[in-house]
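In the two assemblies presented below, subunit A is common to both, partnered first by subunit B and then by subunit C.
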Partner chain A sequence: MRASGFPFLVPMLALSVAFFALPLALLVAYSFAGETGPSLENYAKFLGDPFNFRVLLNTARLGLETVLGTTLLGIPIALLFWHSGQRVRQAIIFLTLIPMLTSNVVRTFAWIVILGRQGPISESLMALGLTGGPISLMFTELGLVLAMTQIDLPLIILPLVAILSRLPRNLTEAAEVSGAGPWRVFVTVLLPLMLPALLAGWILVYASTSASFVTQAVIGGARNVYVPQLIYREVGTLFDWPLASAIAVVLLFTTGILLLVLSMLSRHRRLVGHG
Partner chain B sequence: MVHDMTTMKLTRRQFGFLAAGAAAAGLLPIPARAANGSMVAATFPGNWEDAYRRVLTPLVSQAGFDLTIAPALAQDQLAKVMASPGSPAYDTLLMSPGQMAIALENDLIQKIDTSRLANWSKLDPAFQGEYGPTVTVEVNGIAYNPNLVPAPKGYADLFENPAFAGKVSWTGFGSNTAVMAYTQLASIYGSGPDDMEAVFKLFADHPENLAGVVDSTNSQMSLYQQGEIAVFMCSTGNVAKLKSLGLNAEFVHPETGSPAAPVNIHLTKGSANLDAAYAYMDAAISMAAQEQLTLPPTEMFPTNMDVALTPGIEAFVTRDTIPSLVYPDWAMINKNRADWIRAFDALVAG
Partner chain C sequence: MARYQTNPLPEWLYKMFVFGFGTLCLMFLIAPIVLALVMSFTGGQTLKFPPEGFSLRWYQALLDPVRSSTEHIAAFNSLKIAALAVLGALLFAVPAAIGASRVRRNTANAIEPLLLSPLVLPSLVYGLAALIVANLIGIRPSLWLTIAGHIVVFGPLMYRSVAVVAQGLDPSLEEASTLMGASWLTTLRRVTLPLLLPGILAGAFLVFIQSLDNVSISLFLADPSTTVLPLRMFALIEEGLDVRVAAMSGILITVVLIGLLIGRRALGKSQTS
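Up next is the complex of A and B:
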């Protein structure tokens, strides 16, 4: 970077320091506030309770399950985009972006209807004779993963589409001429090219899901407890802000580790197809 | 190939249209600001928020102030004011005695000057608090769907009658409605209203009641609409709202008595516009406002003595029966609430 370019970075750096680094430092400092001075008591209190440890694991599992769900749905949609003409491509982009323009709260409440006893999933299963009576997926982890998958799907489709839209459609012909079947073409040619977009999407989906307080609270109910609900409880109901800060730091740390691993993978030359 | 942002072209004509559009937007009528400034009043989300915005905003506007109704649960109001005590997020708070005790303990609210409220003398003396007027008394009980379950007799019936198995929804101890019901259950199954171990044991022995535990009464209202739950702990206002939506819902007074919670407006310490805050409080206890609030979908019990009770309200409570309702010991509840919340959350999560 040329030294003369630095002044242009100053506004961005100032904003980052004022609205990200300083609040984060404050949060970390607050997490060490004890009754008699700085201490690790909030961390000990949080990590010493097996219930909280289970909540941490549940949050990580929810993030990973949603990453899996969005990947399984996102890749076929992105490939359909790649193979389609202009009109279908526009329709896919439109349908991907439209849900993002509605509030997350509205989408979450729409899922109450879909997952409920009188919703389309229950009705369909009954019509197919797969269940004897109405079933509800509300307050279940499966229901929550389904809702989160739909809500976060654009976060994985958009990076995939951005990469695929730059790839010529005859790219796979060489492999096909050499006798490779569609699955082999996908695994050996397309998947490595899509991997940087997938990794970016996974990071976004995981971070979004693990922090999605409203959807977790409404669809998951009180039986499925995740870290954001614990933080809300400590801040808004019990007013124990140092403990809430410690929980937030733990969530940041555990999510950060996962994101670090993913971003390291995204720079791995062989893995992303530059080896 | 799709267009990306780097290849997007904007012709001179298109730019001209955009500029003209932006200029035209500036000509749109913007609501006039009141001459005497504005204030932010916290109310509970949902029915309260809709009603106060609809009824009180015009009245406060007539007094020359802009009123912003900000929805927040009482605990959230406290959290936000505690976060910024010198410059509070709200000029007034709306809460029950339980949260009021916390607000006092943390020096968040101030005594009011009753001479600034023209309607003060219209209030029943029981509702003239030194820290602000009581605007209604929420009467609590049990809401049920007559299409799906029989009328429950009381809280114990919900655990002992198999007709309710798997159809009842509860919330955690963060909700005032829930905590009032749990203190009643503690009196029924334990040694007194503070014997919450008996309630936890009751839930552990009836795990079907744990499946329907959700985060708030508002969520329960949505779930009730969708037929997901048939019974939940509620106020008469919740049932009035469900009925106004065309749903089949009934209210039951528990056989052990209906818990009740006065709802008060408090003046926040550091309020930026005291004149507006007093105008708002005065409007909230005025006959003009309370008459409208006695009607569906709110059907709030009026604390202004000049306002007549509607048949809908008298079906639940009268001015004579108000003192005989069950008023919980909020000091005891506040002392134990944190432990109860943590213990119940862990029990629910299994």
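Up next is the complex of A and C:
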């Protein structure tokens, strides 16, 4: 007889409840803490300030732009994976895992070199005569979106690759035999099957980008401020923890909205077929 | 065969898109890592790319015990945190993964989202939540609090990679062992754990690497006098781009490459299923 499984689960369950769920619940409770009792004043204070509100919008835009970037680059890589043999498939997974597992600070550092005045972008543009002098994409939103797209690309490739590697290779034969060209096969057969992975990837990319404190701070610089920096400022220098909690809840809320919209879309019949 | 559809986009364009553009995208994905590796061998004073010459000077500077004493302390702290986070993950997540493979599927499906949720929450938010709780019960930020935070946040990585293996385990192997008179402890030690080893090693590597990389949790939970490696790198970058950061990057990338080459199979499986 095998020992029953449940007792093995208890320690980690207890850990998750006591050290994860409870602190999170407390964070939410803290965000409603006012001078005299429960109130919405922290939220009013945060959202009422036009600067903060713009920071919130910028963060959402950064997240959405990175979602777009990773999708545009992730789909060709996923198709390359689909059309390749076993060896190339292994290589693609390997090449995706290297950046994924490399430290975020290291990847951010690499982008400082790439985007800087003496970096390859600036040097090649000068060599082509497209700019008069050296240019820098550091401290620009474009530079940050480029960096975040590369940094978060594995988050969309891995779910895509996971789905595609389970599909039989002769899946598209019927469509091809009946005369559908590769574009049509892609749009009508492969893309609908890839959609659940894309939805999962979009959530991961958005959540990761909107909270990537280090990359935002280093590459965005002082002129491009995002929500995580506001949280850090409230905690580290202004010591207003209830306000910091409210900002954190708002940050989670924006990801929650995206999750809600996407899960509603994925239930839409036209998009996912009649599954 | 007659073609019924008119195709506005020709087939060669598709091939270009997949094999041409797809390969370019793959290069875009890996290029920054290669660049950081090349940069670490620069002979120059600055982060100009391509470098003007190659040398090991920045590795030498990084290993110099006097010049880089702060970095050494930070690295030691980070290694200690990461090692203990792995230990904690082993103690909590491995039993949980074994347990989840033995309870009814519905029960496991109900519990799993709770166990995995720390992976989805931005660790910055978790750092703040943990700081609030610690403050309420009167615990000051410390190395130990940071380690506890890392176990909670990265333990699920261990759970996930062990659970993938545990779910695929053939129960008859364990039954055979007990039928031949082995106690459940012997069965666990001699049959179950060896079978789970690839998942455990992959999980240990993931927890170690993620812990070594984390900034947000240490930012809130470590006391200000304790520096950790990524925070030190962050500081060196902000203070004016010390080239030793390139050498640090070179070492960290090498660690990832070695780990990946050794555990390619298990890691690939745990990340794509």
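Here is the rule we use: the second predicted complex is superposed on the first by the 250 of 275 C-alpha atoms of A that agree within 3 Å, B and C clash if a C-alpha of one lies under 4 Å from a C-alpha of the other, contacts with A are read in each partner's own complex, and residues count from 1 in each chain.
Assume a residue touches a chain if its C-beta (ideal position, glycine included) is under 8 Å from a C-beta of that chain, and two chains touch if they have at least 3 such contacts.
Note that the coordinates shown come from a computational prediction; the quantities given were computed from them, not determined experimentally.
Colleague: Putting subunit B and subunit C onto subunit A via the overlay, clash or fit?
Modeller: The answer is clash.
Colleague: I'd like to know which partner A:V55 touches here: subunit B for first, subunit C for second, both or neither.
Modeller: first
Colleague: Once chain A of both complexes is superposed, is A:M138 in touch with subunit B (first), subunit C (second), both, or neither?
Modeller: First partner only, subunit B.
Colleague: Contact-wise, after the overlay, does A:L252 reach subunit B, subunit C, both or neither (first, second, both, neither)?
Modeller: Only subunit C is touched by A:L252; subunit B is not.
Colleague: Of the two partners subunit B and subunit C, which one touches more residues belonging to subunit A?
Modeller: The partner making contact with more of subunit A's residues is C.
Colleague: Applying the touch criterion given at the start, work out whether A:V235 contacts subunit B, subunit C, both or neither, answering first, second, both or neither.
Modeller: In the superposition, A:V235 contacts both subunit B and subunit C.
Colleague: Does the superposition put A:N224 against subunit B (first), subunit C (second), both, or neither?
Modeller: After superposing on A, A:N224 lies in contact with subunit B but is clear of subunit C.
Colleague: Check the residue A:T96 against both partner chains and state whether it touches subunit B (first), subunit C (second), both, or neither.
Modeller: After superposition on chain A, A:T96 lies in contact with subunit C alone.
Colleague: Kindly classify A:V88 by the partners it touches after superposition: subunit B alone (first), subunit C alone (second), both, or neither?
Modeller: Neither partner.
Colleague: Going by the clash criterion at the top, which of the stretches 134-142, 152-160, 170-178 or 206-214 from subunit C hits subunit B after superposition?
Modeller: Given the superposition on chain A, subunit C and subunit B clash at 134-142.
Colleague: Is there a shared patch on subunit A that both subunit B and subunit C touch, and which residues make it up?
Modeller: Residues 90, 93, 109, 112-113, 116, 118-119, 161-162, 165, 217-218, 235-236 of subunit A touch both subunit B and subunit C.
Colleague: State the interface residues of subunit B toward subunit A in the complex, per the touch definition above.
Modeller: Those in contact with subunit A are residues 1-2, 4, 73, 75-76, 78-79, 82, 102, 171-172, 174, 210-215, 219, 222-223, 226-228, 337-338, 341-342, 345-346, 348-350.
Colleague: Using the touch definition up top, name the residues of subunit C that touch subunit A in the complex.
Modeller: By the definition above, subunit C touches subunit A via 1-5, 7, 9, 11, 13-15, 17-19, 21-23, 25-26, 28-30, 32-33, 35-36, 39, 46-50, 91-93, 95-96, 98-103, 107, 111, 114-115, 117-118, 120-126, 128-133, 135-136, 148, 151-152, 155, 159, 171, 174-175, 178, 184, 206, 209, 212-213, 215-216, 219-220, 230, 233-234, 237-238, 241, 245-246, 248-249, 252-253, 256-257, 259-260, 264, 267-268, 271-273.
Colleague: Along subunit A, where are the residues that touch subunit C in the complex?
Modeller: Going by the criterion above, the answer is residues 1-13, 15-17, 19-24, 26-27, 30, 73-74, 76-77, 79-80, 83, 90, 92-114, 116, 118-120, 123, 150, 153-154, 157-158, 161-162, 165, 179-184, 186, 204, 207-208, 210-211, 213-214, 217-218, 228, 231-232, 235-236, 241, 244-245, 248, 251-252.
Colleague: In their complex, what parts of subunit A are in touch with subunit B?
Modeller: Residues 51, 54-55, 86, 89-90, 93, 109, 112-113, 116-119, 136, 138-139, 161-162, 165, 217-218, 221-225, 229, 233, 235-240 of subunit A touch subunit B in their complex.
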